[in-house]
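Letters A, B and C mark the chains in the order given here, with residues in each chain numbered from 1 onward.
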Amino acid sequence: MSSWEIIQQSLPMFEKGFVLTLWLSLIGIIGSIIVGLICSLLQYFKVPVFHQIATIYVEISRNTPLLIQLFFLYYAFPVLGIKFSAQVCGIIGLIFLGGSYMAEGFTGGFNGVAKGQVESGKAIGLSRWQLARYVVFPQGFSLSVPAMAANVIFLIKETSIFTVIAIPELTNTALDLIGMYYRSNEYLFVLVVAYAIILIPLSIILTLIEKRVRYGSFGN
Amino acid sequence: MADKILQVEHLEKYYQKRHVLHDINFSVDKGEVVTLLGPSGSGKSTLIRCLNGLEAYQQGTIMFEGEKVQPNEKTWQQIRQKIGMVFQSYDLFPNLTVMDNILLGPTKVQKKDRNSASQEAVKLLQRVGLEDYQDAYPRQLSGGQKQRIAIVRALALHPDFMLFDEVTASLDPEMVRGVLNIIGDLANKDHMTMIVVTHEMNFAQEIADRVLFLENGRILEQTPSKTFFNKPQTDRAQQFLDSMDF
Amino acid sequence: MAHSGISVLLEGTNFTRLLGGLFVTIKIAAVALITGLILGVILGVLRTFKNRLLRLILRLYLEFFRIVPTVVLLFLFYYILPRQLNFNLPADQLATLVFALWVAAEMSDIVRGALISVPKHQRESGLAIGLNRYQLYRYVLIPQAMTLEIPATINLATRVIKTTSLLMLISVMDVINVGQQIIEANNHTHPTGVFWVYGLIFLFYFLIDYPLSWWAKRLEKRRLERANG
């Protein structure tokens, strides 16, 4: 069979993997943003006890590899009687990992708000909450957009690691096909193109959003 | 005796081990204009920032309108509504329009009605010649315009007392006069009580009732403005004046 | 009889084997980082030059490594080098190569970013006192860019270390692969061994990465404090 035929025949399988990659990424990213936002708010307001818990979580999550986090969820937890399907493990793992990255992104944005802005806010008598509401959060969120964009791309790429627990996303689909038919060139080509189709337009869109937000908030 | 707006007693401030303010004692009467002069690094900015609770101090007391200020964030937040402060770097909020910058304090902190607050804001804007810029964003303004808005933002809270921290230091030369005129106007027409940190000696001479001369974190002299500029009491102050070109 | 799981770590040579695997992991990360950083600095400097074609090629190089997930990169090299180019490398060296090229790509962007953020007047002042291009980079731009890029470089190192967890996918005998063998060999006698073995590996990674990222954060914080006055 010609390479072209090989590729054509594999497309329906890749399509499934493509959809699954997108779907898992989407849930993972939304979950990560929610977890990250909660953690960064707990840290910003220094909520007693919870902010320490958030800090410990963030440090553990961002300093260990997703692969081991997944192995833990998928292979070690069942020993304790906690069992999830592979896809649920994948999503939990991705959110566990992404939550800390997003938290760091938000926190970086809040901390990046210029000292003079905070002082001006204090000088007109804003309370801690008002300062956060009208000065730190609006500017901090804008400042965190580039980090968020990088995290989105990062998390989508991390879904390729799901292959280790046999979730049939893009990478797993390609590796399976290679294992079955031994045509590595063709399948790897499709795989790289598939990621390019997701990530190139996305990173262009994200760059545009970054520019617009930056201009909207800071005028440069 | 005139009402004292501010009394500072035995104030000491350290940055870690560095002793930056030594036994600061002075007071400001209602309606009085005090300028803080001294070489760079003498502690002028640190001192004026202490008076608004932006810098913590380790010893001493600050009394505002006769009451001792408890040095915690909650107390300072209340007091800051009565003390307006304008900074060197203007620091308008870039995410808000000029009008929203001005109204943030009156409507959110003082819970004033937005309509009446904005009528007042317009009057203040007219006073600084920027009534056409209500809906502009800070990025559309020049440095001098931003600084005038920053002054309006502080005045909108009806402060009893104003602090100006080198407000013209980062402006282009042609912008300086406009800003100084506004401050001069506040002093002469409104009899606003104020402390001004500045390097503009001519302006200091024009506006000040009294001069505090700082060096190395100590107040070396406190004298009426006339005396200070004609014949300061200390050699250090004389040297300082000689080194300034005015 | 089933033993308590933790004893699996202490039995026979298990613990030393895990440490041996960890050493393989660290060695690959270290060699890849060092070569990648050197190459990346060179590429980063080249990316600030005016030559458009050169810049385009290096940009494409960067974007390729940015877009393709590391797992896929590993497999690309794993399958394509030997089959297409007849270039056979042991898996650990292959992985080192892939990681080094990836580090070089990321590093080139960090270096470029730092170099272009050195104020323009610094470059002009350097030229004004008659420095040539090499001297300009050597004495003016690179030293100033350095402080900006150190935290990002450390963070890159932590990423590389985490990414070494993928080595097992191309059958390198890294710490995870060794761990899996131990788990399988002891599955009957130590059913909860999986928990402890993965727990230990988890801890290994944390103990290596946490100090690094703590250091990076501290440097960054100091830099911001200095910038903020």
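Quick note on the criterion: a contact is a pair of C-beta atoms (placed from the backbone, for glycine too) under 8 Å apart; a residue touches a chain by one contact, two chains touch by 3 or more.
Chains and their UniProt names: A = Polar amino acid ABC transporter permease; B = Glutamine ABC transporter ATP-binding protein; C = Amino acid ABC transporter permease.
On a predicted model such as this, the values are computed, not experimentally measured, just so you know.
S.K.: Name the most central chain, where centre means the mean of Cα atoms.
M.R.: A
S.K.: Specify the chain pair with the maximum number of C-beta contact pairs.
M.R.: After tallying contacts for each pair, the winner is A-C.
S.K.: Which chain is most remote from chain C in terms of Cα centres?
M.R.: It is B.
S.K.: Centroid from C-alpha atoms only, then distance chain A to chain B, rounded to Å. What do you get?
M.R.: The mean C-alpha positions of chain A and chain B differ by 46 Å.
S.K.: Taking the mean of the C-alpha atoms as each chain's centre, how many Å separate chain B from chain C?
M.R.: Spacing between the chain centres: roughly 51 Å.
S.K.: Measuring from the mean C-alpha position of chain A to the mean C-alpha position of chain C, what distance in angstrom results?
M.R.: About 19 Å separates the centre of chain A from that of chain C.
S.K.: Going by the touch rule set out above, which residues of chain A reach two or more other chains?
M.R.: 114
S.K.: Spell out the part of chain A that touches chain B in their complex, as residue ranges.
M.R.: Against chain B, the touching part of chain A is residues 114, 116-117, 119-128, 130, 134-135, 138-139, 142, 216-220.
S.K.: Would you pull the chain C residues touching chain A in the complex into a rising list?
M.R.: Chain C residues touching chain A: 5, 66-72, 75-76, 79-80, 83-84, 158, 162-166, 168-169, 176, 183, 191-192, 194-195, 198-199, 201-202, 205-206, 209-210, 213, 224, 228-229.
S.K.: Write out the stretch or stretches of chain A touching chain C in their complex.
M.R.: 59-60, 62-69, 71-72, 75-76, 79-80, 111-112, 114-115, 153, 157-158, 160-161, 163-164, 171, 174-175, 178, 184-185, 188, 191-192, 195-196, 199-200, 203
S.K.: Over in the complex, which chain B residues touch chain A? Could you list them?
M.R.: 52-54, 73, 76-78, 80-81, 83-85, 87, 89, 91-96, 104-105, 108-110, 137-140, 150, 153-154, 157
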